[in-house]
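Paired with subunit B in one complex and with subunit C in the other, subunit A is shared by the two complexes that follow.
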Partner chain A sequence: MKKFTKRKEFGIILIILIMSFILTIVSSAFLKADNIIDILRNNAVYGIMAFGMLPVLISGGIDLSVASSIALCAVVAGKIMTVFDTNIVIVFIISMLVGALIGLINGLIITKLKIAPMVATLGIMTVTLGVVLLYTGGTWISGLPEYFKEFGMAKLGNIPTKNGLTLGIPSQVIILILSGVVTWLMLRYTLIGRGIYAIGGSEASAVRVGYNVDKIKVFIYMYSGIMTGIAAVVHTSIVQQVDPNTFLGYELTVISTVVIGGASTMGGVGTVLGTTFGIILMGILQNGLILAKIPTYWQKIVMGLVILIAISVDVINRKREQSKLVRVDVEG
Partner chain B sequence: MKKKVLSALMAVAMISSLLAGCSSKTENSSTETQTTETKSTEAQTTETESTESSYDIVVMPKLIGIPYFTQTGEGAKQAGEELGVNVIYNGPTTADAAEQVKMLEDYITQGVDAICVAPNDAAALDPVLKKAKEAGILVLDWDTEATKDLVDASIHQIDDQELGEHLAQKLVDYMGTEDGEYAIITGSLSASNLNTWIQYAKEYMEAKYPNMKLVTDPVGTDEKQTEALSKTKDLLKAYPDLKGIIAVSTPAPIGAAQAIAELGLQDQVSVVGTAVKEDCQEVLADGSLDLGCLWNTQDLGYLTVAVAKSLLDGNQLTDGMEVEGFGTIQVSGDKNVILGPPEDYVK
Partner chain C sequence: MNYIKKIQSKHSNEFTLTIIFIGIFILMGALSPDKFLSINNIKTMAFQMPEFGIMAIGMMITILTGGINLSITNGAALSAIVTAFILSSDFSETNPIMGVVLALIACIIVASLTGIINGTVIAYIGVAPMLVTLGTKTLFEGIGLNFTKGGAISGFPDIYSEIGNGDLLGIPIPLILYIVVIVISYLLIERSAWGTEVFMVGCNETATRFSGINTKKTLMKVYLFSGIMSGIASLIISSRYNSAKTDYGSSYLMQSITAVVLGGTSISGGHGSVVGTIVAIAIMQVISTGLNILGVNRYIVDIITGGILIVILAIRFISKEMADKKMIKLRSASSVK
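Up next is the complex of A and B:
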């Protein structure tokens, strides 16, 4: 138990438990299977992008281009579907390729031109947004094919509920879980994953140990791009049309989700588990504030406060551990 | 580290200003070449047809690149062609008042005849519009109001009160009862036009149907369809007796309708709202959206140019006056021109 309270994720788990407890008391609708599934489905897009952003933040970088690249991926995927007779797998692959390409450009600018990630991805964000607006003129793409609508409503499991609908795990949630698992495996069990933590800890040491830092960095941004490509198709499968302007501000939501989950923008720390809790906390906040019947104008205040508390607990925990370390050093 | 962060931030600021500079410049130059082209072609036609010189009319939206302002632009350009005036339709790529000021300064220097602007922030545009007036340029606002004293005419897409009351009345009609719970979802809690419609809808409801109960304050959806979808679902869980939803801002009714469709509540819950005709066809067809309504966006652009030209010709603004290319117009107050009643889109 002591070990549990010392875990980095402890603060956020505590907040989630407290909030869930309160929400279960004030709203009978909160702790129900269909509501939990809704929360996960509604946040699948942010979640998948957050899993892509996590390695970037661990490495000490940042990717501001995700909001524009999800727009471009969604527009390309939407066009492909409306123009060509194709299938869902091809749509995913093309969207992921577009995302990977943007990631590759980000990575090359950062490693070859040695431009700071914030500046490089900001530039790419603006260019990509320009391409999207140029191509679409801001118009929506609708009239998506039937197989895509089926994919959007597809569920694993088929438990009938009393209001005539069925309950199951939606396709979007399955993809969210898969993205989390793949990211976890990548960070934990591959050399690249170890390398990402090493770069975030100290880039100079990572080079000395023998990691190919440039290659790993390019990979990180491509990974973020690929996840963005997946998120684009998932988003489109939920809303069933492409509005190129809807993704404005996504990068901030995604980055704050990862940071709430215990990752640091300074690099070196962050886990898939933490990010998962970050996604859950953001989802519960959005959903719970309405279920708890909190007046709209108060919701933003409450939301900001909860996020602040979650991050403070985390930071205070870490500070305490560090001060202990220092004392040991002095005494020893 | 601090220095590093600072230098990174400064670099960001520099790059973004550079980028902003580039984009607006290229846009300007492209429109300039366009206008010079149209000028030369028009010069030829006017020589043969009449001796009347053509006006340069700037029509500036809040931003370019969204469907709404793309359509108003089409209408404005069409008016330009039909009425024989040069329409320069240009605006910033983000809804930024400072960017509008810069662009307007450029147009004043160029010496255009009329400026019609949809301000992102009325107060921020005061000095530049004053400058335009002093330079003898006709100033109009459209879509959103600028400061009243500075404009010669104000083009309104709709009578705000009429739209708000229309939405409320239609919701009651579709719910088929005057006694039930309803909710309002909105694009943004800080958008003044949306808040005005909501205010009129609420007041109308309270006065005419006192048994209709608004379950909570308007819920913001950040102009995003996904947000409208999830918030509608949450509202239905929090208020199981909810029977009607008014959705303002164009993505909101579509997201709300999707939630209704996913839950199979087409026959239990009514949704009415403001939606662009082309974008709401699918949800109208499956019965999840009962009514979408909006003004004709192209006509709004057309009317703006038509009124500007009429005033440049020396006509006085009066109610029921005839405007070339548009017909009779409705004027309320001394300078509010109103496009007309809302257009309804139903299955």
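Up next is the complex of A and C:
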């Protein structure tokens, strides 16, 4: 038990439990299976992008281009669906390829030209957004094919509920869970995954140990791009149209989600489990405030406060632990 | 001639940027002499540049310390909204001059408060600036939304619009404000003890602390300064639009980071200059206005801006590599002798 409370994720679990407790009292609709599935479905896009952003933050980098990149992927996917007669698998693959291409460009600029990740991805973000808006002129793409509508509504499982509807896990949530599992496996069991932590801890040491740091970095940004490509199709499958302007500011929400989940922008720290809780907390915040009939204007205030408190508590805890360590040294 | 060479060697980055600026200015002038070089257009640019420039200076000082201020535009919007509340109240309608004075004071107070909140969490709790300002960005946006309920506040006294639209002896008032801000920030950042501390913190915070400097105080002042800059910028913005809304000026966030980096400030802190930033802002303004006059699509301007950022940084990296190689060659040659 003591080990559990010492875990990094403990604080965020506590916040989630307290919030859920309050919300269950305030609103009877909160703790119901369909509401919880709704929370996950509505946050699947942020979640998938967060799983892509996690390795980037662990490596000590940052990817500001994800918002423009999801816009580009969504536009390309939307165009392909409306122009060509294809199927869902090809749409996914093309969208992922577009994302991977942007990630590749990011990675090459960062590794070959040694431009700081923040600046490089900022530049690519501006360029990509320009390309998207130039191509679409800011107009929406609609009239998506029938098979895509079916994919958007598809569910796994078919449990009938009281009000005549059926309960199942939506396709978007399945993709969210899959991307979480893949990221977890990648970070934990592959050489590249361990390399990402090594780079975040100390890049110079990672080079000496023999990791091909440049290759890993390019992979990280491509991974983020691929996740963004998946998120683009998932987003389109929920809203069933493409509006290139909706993605404005997504990058900051995604980074906030990962950071609330315990990752540090200084690198070396972060887990898939933490990010998962970050996604859940963000979802509960949005959903809960609506259920509690709090005006939406308050949503941002609460979100800002949660981010500030979560990161401050984390730093204070770490400092306290460090000072304890020093004390032990002195006594010893 | 000697003097020019001295400046060139000491401020090579500012020198290159100025040449780029002159080159682009001449190019735009040659492409569209009757429109771009008209008094009217130059005046329009002089009205547009200050709000962006002041915001970028506020961003620059945080980047100098190795931090960043992502809340700068939302902080500006929040102070503009509070200002607008006072300006559109009944009190301001009956005695406009007192109302405007009160509003100006309130604006600077709110802007300072946003800076103090950032500064406290960053300097005294020790959280990474990027995360803190990401949180306060959302927080300020939320508070602003609560005031405006998503709409815009308007109905200001007529004198208030003078700040953003008036001129003194033919010189636009925003430009005068801008020049005052530039001079003050130049003196503070590059000619004062505090300014030196700012650069030192950016280079190595631990070393600075061990050399007896209260880095917490220095950082606190940096974010306070950044907040006040966003407040001044917000005055010009709300006056030019004659209203206040949470998303006014939001596009300046990424643009100001671009301008600061373009101006030669290192994103990891420790290097940079006020002059470089100002020239970079002028370059960006000339490009966007010039291309606009030439009838180039607004989105292509975005693409070009992003492209220029990466190309200039790439050139800087390559030229540094070449200089390093030259140095190594020279050294090995002299050691052989």
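The rule we apply is simple: the second predicted complex is superposed on the first by the 323 of 332 C-alpha atoms of A that agree within 3 Å, B and C clash if a C-alpha of one lies under 4 Å from a C-alpha of the other, contacts with A are read in each partner's own complex, and residues count from 1 in each chain.
By definition in this document, a contact is a pair of C-beta atoms (placed from the backbone, for glycine too) under 8 Å apart; a residue touches a chain by one contact, two chains touch by 3 or more.
Note that this is a predicted model, so its numbers are computed, not measured.
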Clash or fit, subunit B versus subunit C on superposed subunit A: clash
Figure out whether A:139 sits in contact with subunit B (first) or subunit C (second), or with both, or with neither. first
Could you tell me if A:264 is touching subunit B, subunit C, both of them or neither one (first, second, both, neither)? second
Name the contact category of A:308: first (subunit B only), second (subunit C only), both, or neither. second
Touching partner for A:191 - first (subunit B), second (subunit C), both, neither: neither
For A:319, decide between first (touching subunit B), second (touching subunit C), both and neither. second
Using the superposition on chain A described above, determine whether A:33 touches subunit B (first), subunit C (second), both, or neither. neither
State whether A:25 touches subunit B only (first), subunit C only (second), both chains, or neither. neither
Once the shared chain is lined up, is A:119 touching subunit B (first), subunit C (second), both, or neither of them? both
If we overlay the two complexes on their shared chain A, which of subunit B and subunit C does A:93 touch? Say first, second, both or neither. neither
Stretches 27-35, 153-161 or 333-341 of subunit B: which one clashes with subunit C? 27-35
Across the two complexes, find the residues of subunit A that touch subunit B and also touch subunit C. 116, 118-119, 122-123, 126, 130, 133, 266, 295, 297
Residue ranges of subunit A in contact with subunit B within the complex: 27, 29, 35, 38, 42, 45, 116, 118-119, 122-123, 126, 130, 133, 137-140, 142-143, 153, 163-165, 235, 238-241, 243, 245-246, 248-249, 266, 286-287, 290-293, 295-297
Of all residues in subunit A, which touch subunit C in the complex? 62, 64, 109, 113-116, 118-120, 122-127, 129-131, 133-134, 252, 255-256, 259, 264-266, 295, 297-305, 307-308, 311-312, 315-316, 319
Which positions of subunit C touch subunit A when the two form their complex? 68, 70, 121, 125-128, 130-132, 134-143, 145-146, 149-150, 254, 257-258, 261, 267-268, 297, 299-303, 305-307, 309-310, 313-314, 317-318
Contact residues on subunit B for subunit A in the complex? 1, 8, 11-12, 15-16, 19, 23, 64-67, 69-70, 93, 189, 216-220, 222-226, 229-231, 233-235, 237-238, 240, 251, 254-255, 258, 262-264, 278-279, 281-282
